[in-house]
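In the two complexes that follow, chain A is the common piece, with chain B as its partner first and chain C second.
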Partner chain A sequence: MSTTPSAAVLNLWYPISAGEDAKPGQRRSTVLLDQGLNYERGADGGLTVWRATDGATALPVIERYGFIWTSLGTPPAELFPIPEYAESDRFNICAGSIGVNVSAPRAIENFLDMGHFPYVHTGILGEEPHTEVKEYDVEISGERDEVLATRCRFFQPQAALSASEGIEVEYVYRVPHPYVAVLYKSCPAQPSRMDVIAIFCQPMGEEMVRAHLMLSMLDDVNTLTSMRRFQQTIFGQDRPILENQYPKKLPLDPRAETPIRADKSAIAYRRWLSQKGINYGVIPEAA
Partner chain B sequence: MVAETAPRAGHNAAWYPIATSDDLPFRHVYHGQLLGQEMAVWRADDGHVNAWENRCLHRGVRLSIGINEGAELKCQYHGWRYANRTAGCTYIPAHPADAPARRISNRTYRVMEADGLVWSTLSPDTPFALPPVDGEKLALRPIPVNASPEMVLTALVHARRSGSDVEALPPLGAGLELADLPGHPARFFVQPVDAARAVIRGIVARPAGDPLPLLRQFDDVLEALREVIEADAARVELPEPIVPVYQPVSVELSSMPPITIGAQNTLRVVVRRKFPAGADIVGLELGALEGHLPTFQPGAHIDLHLPNGLVRQYSLTNGPGEQLSYVIGVKREPTPGSGSQAVHEVVREGDVVAISEPRNNFPLRRDARKTLFIAGGIGITPLLAMAKALEAQGLAYGFELFARSDAHIPFPDDVGRLGARVNRHLGLDPGATSAAIGRIVANPGFAEQIYVCGPGPFLELVREEAAAAGWPESAVHFEYFKNLKPRDSSKSFKVELARSALSLDVPAGKSILAVLRDNGVNGPASCEQGACGTCLTRVLDGEIDHQDVYLNEAEKREGKVMMTCVSRARSTRLVLDI
Partner chain C sequence: MIILYDFELSAECYAVRLLLGFTGLAHEIRPVDMFPGREQDEAWFRALSPDGTLPVLDDDGLVLTALPAILAHIAARSGGLGRWWPAAARDEIARWFAHAESLADSALRARWIITTGDGHSLPVLQARAHALLRTLDRHVWFAEKSGADWLAAGAHPSLADVAVFPAVALCEEGGISRQDYPAIRRWLDRVRRIPGFHVMSGVFPAGPARADVPFGSQ
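Here is the complex of A and B:
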């Protein structure tokens, strides 16, 4: 019953593992777009990825942002940019890879959504009665071919360990790849710069995803463990909601669900997926 | 071999049990399924059982993981609230200042409760007809079976006492006596959960004394039968699951921003009760002729069409989820021939009157740390509905009530139920009223909101005192029933009537409505001051100069409709859909 991925899907780069999890000489396997894959890091540090059914052909591979990326088609020469990752004073962390029984686009849409903070991340990212999603701007950037949401603001009960009162936090969201979202969040310690949190989705099947989380933080107060634990708590709260979404695939027909103004970014995302010819993990609009 | 598969034609139209009454304890939401369609089944505090399509219309999250708040079901994902009975959305927390389009409504299924079982159907109109049997009934523990519903029914019939009769209870039921439980005739109903999943449900006569031993006997026998059926089912190819059908949302809700004003639909209601509700005030309970009334939100009002031809607006006082009737309050005004005189003197219990669907120009934000209600006399009505909503949600509020005397307190029973939260200010002269309001609004706080309703001067007083105390204008909410804003009719322009192919000049000093009348185009109108919404007209082209107090800001910005009684054109011409 599974969809044959379109060229637009096959030609993308996909994350399959944190780079640090692939130790030299250790063969590992995973699943991508319903296909079994094996991968191994050689003694020289170089990576090889191949289909479980075809040991003779090496698949494309690159290592970026702490993760190993491969493709089942002909991928672009380079992955989307996250320039902040290269800044020397940041802490770049692979914060975990979590399996969720939902389509990758549903997981991305949830990552873009602020309205659920008071209900799903109560007391952490939001808190009743502060439920308003204020007007924000969304554009599909033609130059970079990505969805960009700016001027997003939301009341957060405890934005940082140093903050005792709730404050309004500012966010910028980018969707530079159909199954990737990058969040920029104002950092109380350095008002002119932003923390970066990215979700890299590995669609194992149409309704099963492994979400890889990457942090690029300015904060040097928290330990690695506490930052990982924080992100995993947040994702653990989202998971039961995501797994109870029906249908699990993201419907691209505008009449499937009821958008409100707060969903501007999701509407732009759905439209962008349609335009790009993404057919995997979605229910395409009827012709 | 392929088993007899998908339910035959006609099955979709039938009633089936989907739960036992015991599955719906206080404030629980039960996950049901019928013919592949998932249902969220919940009992409201008023006893009504709701069976809804199991997804929030917003993002498809199952409502069976939602929260039953007694009169409303709240979605876990974004806190959208849906009303008991209508399944209409009453609140969207992401946009606390907006009233949700009242047409955001979940698909509902019909429900009956009989003999300890909860029944539903995918059909919109098949009547419920369970042949009645005498005596008190006991619902058996449900037995889920992984097999096609038809296989399960066939197995049940085979398991009857040899040579005994079968009472056919179509489409998937049978009254019979099991061979292994002689002397206990039962009615079995197979719930077709999906093409290859079923639940055996049954009803027996309640035995004298403790029913548990009998229930255990049935459990044992039916469990054994289940094993036999599932062993048989394992040897055949089972049908594919039924693909559930989800209705698309309406076009108007699928686009953004979804601000739409429908036609001014009127509906007929019956005056169930006319009762004194304080000195010079009558309460009217307006009930649905059948079923329930459209979803309303706290702050909403209806237009009431009176026997003397007048149309007047009255706020609903109902609490959340009270969808069987609307309760309004009408104060007697001294003017002869007024709307209130007609209500007091002419309208009687049992009369059928016309009302509009509820409309909300006074939406209640629920994102305040504290909400302060300030009511002057009969102005209490919308604030009562708001306070009841916050009370049900456990949100903080204060209630300041001004009235001439204790006897003049409107809806004293409702006010009494709000308890010590209500501060009564009785018989104050204007100076004392002003001082009291000054004290009430003295300390504006972060994320606090004021809602005020009362006579014009009272409203102005609260607004002035609040402004003087430093409240931001956006935190002080009120509603106009009269258009007190200065109006400007100095500009002349042209109107084109698209459907009538007429082009008319509107001179300075004359309304569009008057010009239309002069030319024989008679549409509905009522207050003629831009407050009631009766003359709402769709605009196809041109820029509108809105001068009414009926449309909200978003509707005015959208510029698709106007009030022809007061609003005019900014452009040199307007094209109306008349």
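Here is the complex of A and C:
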């Protein structure tokens, strides 16, 4: 039995496809919040999205950050900002849309977690004995309505494809949307700036997502293929971990799971989801 | 130099990477952006692998696209043929190759559908089948032009004809018409006329021999 999405859930923008995958004149279909959707790009490049059960009503649609976004409710006029995306020297990439048998909030929470790096991404994003998650700061920014984790630092053997040796990497995490996380990561090629890696989740069902991966990189050496391969390797390592979490939905009751200090960002994320009235892909707090 | 054209998330490519690791055979990996880039559809890759399948192994110009052949080749090149593909166990190993192919068609197809969100509908599978039939039709057409009747080189039908015939003969039950593949239809008839041919439900015997009827007047 699936949850009836609350207004807070229905009114969000949702990614449904990489823009480049929607070729003019090819009708495609997908699933969002248990509803079948069709979409098509017209000859003029414009997009139309509609419910599989209702061909007469066009749903809202925008194209941002390389992906197509729609909504089943009344979405805000604009999507959250990622200003770096517009910087002209960046390499913006749709790195793949990968289906995972897990709830969207579990996928976001995993993305925020640094503690698993040495164990799951051994030799790439972490390595024993460098397992400590150092103290970092988390805030729920009321003004921007997002969760923000700053001063995150972690020792990484191969922080990016452009890294030639192990370095202590600095991370900033933003959760600007209940099912989106944006990661800023110090860039081995340009130490004063940051690479941007985002995960845009499309909840197909409460326990099934497509994770759309977006990269905005400062790397003029590696190819599109090799950068995609790097991200897919990382994500492929996460996938069995995600799919084996139980329960698959994220419990919002603070007593449901036992956090450690490194989980500060997850605690804030869960509280923020609760405050916003998100009821899809989660186990809400008992009233 | 041995070059492996590889996609990280492909289980079949992984089988090749595994054996390369076990045997320690020197090689170079060329990543192919199969997903989401669909680089396997590009002309340069189709020139190596006509159906766009991965993995592909290129050993100094000898290009192999079938997983069993790639594995056997690596075993031989590493000097480990007797260990990895012993003559006494070839029947058993061939059966496991077939088993692996069945798993690719079931478990791996399910994995791929979940992973890519692609192909969860009949039309996508049918389109893929048509693409495979087009390759086959082209192959048979050129073979016929050079005077050959069968899929693999030689005057006698081979295991290749036997292995491919059933799926092609039964494809219309999957809603995949053979109407656009005249060379395939002629080849099916030739197989049906091999002495000792048997039918099964859904597969009919060849009509009376009419090899002397010119094409187009049938």
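Note that the second predicted complex is superposed on the first by the 281 of 287 C-alpha atoms of A that agree within 3 Å, B and C clash if a C-alpha of one lies under 4 Å from a C-alpha of the other, contacts with A are read in each partner's own complex, and residues count from 1 in each chain.
By definition in this document, a residue touches a chain if its C-beta (ideal position, glycine included) is under 8 Å from a C-beta of that chain, and two chains touch if they have at least 3 such contacts.
All of these numbers come straight from a predicted model, not from anything done at the bench.
Overlaying the two complexes via chain A leaves chain B and chain C side by side, clear of any clash.
In the superposed pair of complexes, A:Arg255 makes contact with chain B only, with no contact to chain C. In the superposed model, A:Ile98 lies in contact with chain C only, and not with chain B. Look at A:Tyr246: by the touch rule set out above, it reaches chain B but stays clear of chain C. Within the superposed three-chain arrangement, the count of touched residues of chain A is higher for B, of the candidates chain B and chain C. Of the two partner chains, chain C is the only one touched by A:Arg210; chain B is not. Contacts of A:Pro24 after superposition: neither chain B nor chain C is touched. In the superposition on chain A, A:Arg229 makes contact with chain C only, while chain B stays out of contact range. Think of it this way: put the two complexes on top of each other by chain A, and the tightest Cα contact between chain B and chain C is 20 Å. Across the two superposed structures, the residue set of chain A contacted by chain B and also by chain C is empty. For chain B in complex with chain A, the touching residues are 38, 54-55, 57-62, 65, 76-79, 92-97, 104, 246, 248-251, 253-258, 366-369, 395, 447. Note for the complex: chain A touches chain C at residues 18, 20-21, 29-30, 94-101, 204, 210, 224-226, 228-229, 232-233, 236.
Chain A makes touch with chain B in their complex at residues 109, 114-116, 118-120, 128-133, 240-241, 244-247, 251, 253-264, 267. Touching chain A in their complex are the following residues of chain C: 8-9, 31-33, 35-37, 39, 113-117, 121.
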